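Multiple structures are listed underneath, in structure tokens.
Both complexes below contain chain A, partnered by chain B and then by chain C.
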Partner chain A sequence: MKYFAKKLAGFIATLLAVSFLVFLAFAVIPGDPATAMLGTQATPERVEALREEMGLSDPLAVRYVRWAADFVRGDFGTSYSYHIPVTQMIGDKLPVTLTLTVLSFLLIVCISLPLGITCARRCGGMLDHVIVVANQIVMAVPGFFSGILLTLVFGLILHWFTPGGYVSYRTDWWRFLGYLFFPSLAIALPKIAMTTKLLRTSVLAETKLDYVRTAYSRGNGTKAVLYRHVLKNALIPVMTFLGMALTDMVAGSIIVEQVFNIPGLGRILLTSISNRDYPVVQAIIVCIAFLVISINFLVDLLYKLVDPRITIE
Partner chain B sequence: MKAKAAKRVLLALVCTALTIALGACAGDKASENTSRITIGIPQDIEDSLDPHKAVAAGTKEILFNLFEGLVKPDSDGNLVDALAQSHTMSEDGKVYTFSLRSGVKFHDGSLVTAEDVKYSLDRCADTSSGASLVPAFSAVESVDILDESTVQVTLKEPDKDFLAYMDAAIIPAANKTPETNPIGTGPYRFVSRSPQENFILEKFDDYWGTPAHIDRVELKIIANADSIVTSLNGGSIDMFARVSQAMTEQLSDDFEVLEGTMNLVQAMYLNNQVEPFDDVRVRQALCYAVDPKEIMDIISDGKGTQLGSSMFPAFGKYYLEELNDLYPTDYDKAKELLTQAGYPDGFSFTLTVPSNYQQHIDTAQVIAEQLKRIGVDAKIQLVEWESWVSDVYAGRNFEATVVGLDASSLTAPALLDRFHSAAGKNFINFSSEAYDEAYANAQAAADDAEKTEYYKECERILAQEAANVYIQDLPCFVALNKKYAGYEFYPLYVQDLAKLYLVEE
Partner chain C sequence: MLDVIDLNLEFHDHLVPETVVYDFDLHMEPGEIVGLVGESGSGKSMTALAIAGLLSRHDMQKRGQILFEGKDLLHCRRSELRELQGDDIAIIFQEPMTSLNPVYRVGPQVEEALRIHRPELSAEEIRQRAMEMLKEVDLEDAQRVYDSYPHQLSGGMRQRVMIAAAMICDPKLLIADEPTTALDVTVQAQIVKLLRRINREKKTAILFISHDLSLIRQLCKRVVVMQGGNIVESGTIEEIYEHPRMAYTKKLIAAIPGYEKKYDSGEPNLRQNEILRVEDVRIRFALERHSLLEKRKYKEVLKGVSLTVREGEVLGLVGESGCGKSTLAKVILGLEKPDEGSVFHQSQRPQMVFQDPYGSLNPARKVGWILEEPLRIRGGMTGQEKKQRVRFMLEKVGLEEKIAERYPRQLSGGQRQRVCLAAALMLGPRLLVADEAVSALDVTIQGQILELLFSLKKEMGLAILFISHDMRVVYQVSDRVLVMKDGLIVESGDVDDVYFAPKHPYTKELLAAAALQEEKGGERDAGTVLS
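This part shows the complex of A and B:
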């Protein structure tokens, strides 16, 4: 119980720190939402009136406290440019980014675990060599570039999907998933390579330990030793990496969303920054921070599930 | 067994996420036999949907389909009655009387009343936000309801061109949330918008005029310019307005490329008050040396419309084509004029160009090459758009610049007003008594033919005085899938979706 209380306190402190930093960042960078909204029609009187209306003329600390108080009560404010509640905007886009992340994560797990184990089992074999080389190449290519390559090959040459043909999850769930497959693959590829490499090394390191020899000497076959004893131990570093990869993907989907023209949280975040749409930026960043912290927490819990010797007190 | 448990937890997590996402699904499917079109737009309509408050050109060109004023522009540049059945202007141009069309409905089904009209026009003139919501309406003295179907607008000062501003949207007084729920009288009504994703319109069945042809229009945001061509060729969008010359060459056979004009006056604008451009002979020499045809050949394969003054052909009756021939390319003549002006060996100057407009940069580069032939050295300086606005346009601190100036309304003053010597927008410091007189006469003239003649006189003076080195009205390309037709170009920045229709197969 004490553990949870401590975690929760850390949780809230992190969110507060993150949101305050965003507030500060906007105070420092040039540009102002009122002039951004009025554009060429900005006259000093109109800008002043609008700033007053939006409550921008108050000092930073006052604005921050007001925002935080509203936020705690569940009121995320209203977008300056769209005039709709921020909750509605995020609620609309969160499923897109989450699906993209979950899909990429599934791809990573489903592809890299079997691949890593196979490599370790056939260490030094032909297949192992091929995969190791392929890994190096894939790892070196960043997600946005593999995104462009995938669009070229599967979209324009093979016609497996329509580039830019994003379908909203509200319209057709399956076509939505279909469209997200290649973007997810683009995000997943470098991480698949890393996970495979990590798992291979980790399994190989474990097999040299004493308990493996003991397990063999008790008459176990290779399969039994590998899956029942080695894998569980080898998975701990891989899980740490996967947790980090997952948080990285939540925050990092912005670029791939841009390449594949997917209207997710990342796109909204980018345009809101250039429009100086503070309430939206603020809420999205807190939302991402929340996801990242939650994922880290879940990974902590999973450690215990895999290896009961680990305590999380 | 623990590994399996971990997998199960993971699976459960994934399932939950998917269920949440699925649960958010709502029915948004229209039936199969509705006609539809998907149009790509380069930026989101991330603006107020309130027609009186929207600022961005990209928002206004779409809102044109949702809202109408008492009058509205047609594709030839004329103002035609819309919500007004007829209108009259008092002799002096001070009082405008509109007789309202009866039975016109708003998108919510309610009838348009004289009260709604007064409410809308009063709202445009409202100064509670610091200045009139619609700047031109600061000239309005009062809006009065004469009877149920007649509304009178009285101006503070006579202005015979004020009708062009009466295209301000009429909105229902009862709508309390015009910023997110746009209700107008146009041929299309608003259905939904999803930020950074799309903006959906549906045909308004009770439209008073010629109804739209296509039932459902989806405007899809393509923020990444590199994916415009792939989206068109891949079939996810059917139309994109304003594609570049390079993009048109990559389009598949499914597309027709319609060519129009951008409706702006691209010129090398000269600061008429700084040396050496304060001498008319120097300005004329530049006009003789710069060859607009060669510029068009080099930067857009010969497409575009040559201009000789501050007026483009879309304005029909005001445009004077013969001014294009005033300065045929003639290097000897140019050199002779320079010698007379005291610059036999030429001179050098700085040509400031906003860095975000590739077409103006290209033009500036060709001009610089052309001017070398008469010994004039133009140094191109690229500046950010914001600093162009503050230094060149507002500060008038420049020698020469290449930009395109457009018209904000369908009136000749929209293009010519800036050149009378006292105009606040006269960033080139042009000063000519003859021009001021002709412009004042045009403003005062009651008869349209007489007025037009005076405006033409203004254009001639600009050309003869070589106020600027006029180049062209830039070409504009619209990519439209051959399944559709009916696209019309307007002399203003609008997209008229109601004219589009499906071609029968």
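This part shows the complex of A and C:
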């Protein structure tokens, strides 16, 4: 409980710090939002009036508090370029990116855990060698490239899905998931390879430890030793890695969304950056930061569950 | 009950097969305690693992027979072997910390063998039995131990937990592989006492494996001596200890640190110059707070320690783990700043030799590089001069010149400790702090290193602060001795005074645990020494 409270306090503090940094970054960036909204031809009087209206001339701290308070209420401001609330713009894109990330994560867990365990159990065997070599290859291919390959093979040659034929989750939830399967796989593949390799190494290292010998001495069979004793220990480093991978995937999805033509957060982020649409960019960055910090928080909590030795300094 | 006949163990993972155990024979009756003694690499642990059925390496060739109640464990099916493991044959190991699974509570680990071998018992019956077992191994607060994780217990408690887990199915044979080596002397004595009681009350036969001859002597009726995979000699305790036939056995017995001064320290009282003075040093560490509002609590590790070391003398410092002796060493070396009190050095800073010669040398660097390091840091020497100094030092510690081109992993434990010693002496210090410097070494190697330490001391006029938990070694080497407990020096004085007329009860306890009293009295009764 104490552990939880401390972690929660850290979580909130990090969130505040990140939001302030994001705000600060956009406050000092050259280029005036009022000018950006009105265009370069606008008269100085009109720009000044708009600045006044947007509250841009208030002190930094006041603006931050106002912005943060709006943020907490769910008001992310209004897009400069589209003149609609940012909430509305992001609202239906966020689920797409989240689904993509969660789907890739599930793929990683469901594929790499059995693979890693199999490799470790048959260490040195034919199957192990094949998987290890395949791993090396997959690991070397970045997500967007395997995305292109997957589109080519499963989309254009095998016709398992229609490239560019994105279906919104509002129309058909199942076809939406079906379309996201290959993009998720593209994001997941390198991570699957890394997780498999890490788990294999971790299980093999654990197997050499003394407590495994003790487990055998009590009459456990190989399987019982692996699943009852080794696995929980071996998963500790894998968990750390998965936590980092998950945060990395939120970012990685932005590129893969481009390759597969998916209207997710990544798409609007890119267009908003080139339009200097600061409220949108700000909102997306804070959302991503929030996701990353939450994931880290959850991983920390999971840690405590799996490894009782953990205490905080 | 147990008959091992012509056991041969061979590794096949190198080009040339390497035999680790040759033609090993052993016969054990029910309820008997047999000792298996030898130094590291003698094959004693391999033999123990083979008997426990724990050598399943594919690249290992096993020949001969291990008959347990008529069944050949080497050639029976795995499932048949598993039925015996944990039920009739149980084993405990040297390191109770690593031998327990760190991520599970103690209770389920104690119960495990029972769950495997008595599936007919209900969860509640199994729990009951585990609690009884924890109480039987003298763990008073059984419920708390049951709910603890291994890292929350002390070393002695962990080993008791291991014993409880091993004994839960009432095995006929308990194999104890160096079960007390990692423990403090007083705890060691308690564990030995517990094993003896288990043997008496439950009639469990015990195969006790150790490198410690005096321990074997206290516990066993019969003993087998191994060296380099061979049985050198075997017989009753009296035969082996009173009339050893083989040269190796004689050497081992002679190497038992005894109650005699082996190392003449010259004339310590002629030169009285103080080389180090520690005055009323206190040091405390902050404990973790339970809430932000709570006042921060501190644990005092050193509660006002004063000592002086005079030129050319050996000052022994004994105490058990956690008493603060290593912290004191760090304070003297300047690695830890005291909260109160002061440390005065005459001349330059002292150098240190650590316990673990494996861990304290950088594995990625060659010995020559490691030895040159202090010279590099001090500066002012050409490459040629440094090399010369390294050669000189290597010769001093009895190593060949070519060792400089080797990596630490290519050296034996004794060689590594010599390298550590050479590194400490590179800058010609006046005071050497040896923190458990020989504790990790085999007895015969221990003797060699001590001898080297003392010839160097005489030659260079070194003063040594010799920190150890081993009462016997400290007696052998020291002129004066300090006894430390819970951050305080409870007794100090001339080594003979402290050892022959101890005043503080803790000193007496330590001496009793080290079984020194017994050897001093000249008569021996294995049954009563520790009870």
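FYI, the second predicted complex is superposed on the first by the 237 of 313 C-alpha atoms of A that agree within 3 Å, B and C clash if a C-alpha of one lies under 4 Å from a C-alpha of the other, contacts with A are read in each partner's own complex, and residues count from 1 in each chain.
In this text, a contact is a pair of C-beta atoms (placed from the backbone, for glycine too) under 8 Å apart; a residue touches a chain by one contact, two chains touch by 3 or more.
Bear in mind that the values here come from a model prediction, so they are computed numbers and not experimental data.
In the superposition on chain A, contact of A:229 is made with chain C only, not with chain B. Of the two partner chains, neither chain B nor chain C is touched by A:138.
Within the superposed three-chain model, A:48 lies in touch with chain B and out of touch with chain C [touch as defined at top]. Shared-chain residue A:2: touches chain C; no touch with chain B.
When the two complexes are overlaid on their common chain A, residue A:68 makes contact with neither chain B nor chain C. Of the two partner chains placed around the shared chain by superposition, chain B and chain C are both touched by A:308. By the document's definition of touching, of the two partners only chain B reaches A:151; chain C does not. Touch criterion met: A:213 reaches chain C, while chain B stays clear of it. Once the two complexes are overlaid on the shared chain, A:89 sits against chain B while remaining clear of chain C.
Looking at the superposition, the partner that touches the larger set of chain A residues, chain B or chain C, turns out to be B. Touching of chain A by both chain B and chain C, each in its own complex, is seen for residues 232, 306-308. Only residues 2, 209-211, 213-221, 224, 229, 232-233, 236, 306-309, 311 of chain A touch chain C when the two sit together in their complex. Here chain B touches chain A in the complex through residues 2-3, 5-6, 9-10, 13-14, 17-18, 20-22, 24-26, 28-29, 44, 46-49, 55-56, 128-131, 135, 179-180, 193-198, 221-224, 227, 230-231, 233-237, going by the rule given at the top. Only residues 49, 52, 54, 56, 78, 82-87, 90-91, 93, 95, 98-105, 112-113, 116-117, 149, 151, 162, 165-166, 288, 290-291 of chain C touch chain A when the two sit together in their complex. By the touch criterion given at the top, residues 37-41, 43, 45-50, 53, 79, 81-84, 89, 91-93, 95, 98-99, 102, 105-106, 109, 151, 155-156, 162-166, 168-171, 173, 227, 231-232, 235, 258-259, 261, 263, 267-268, 271, 275, 298, 302, 305-308 of chain A touch chain B in their complex.
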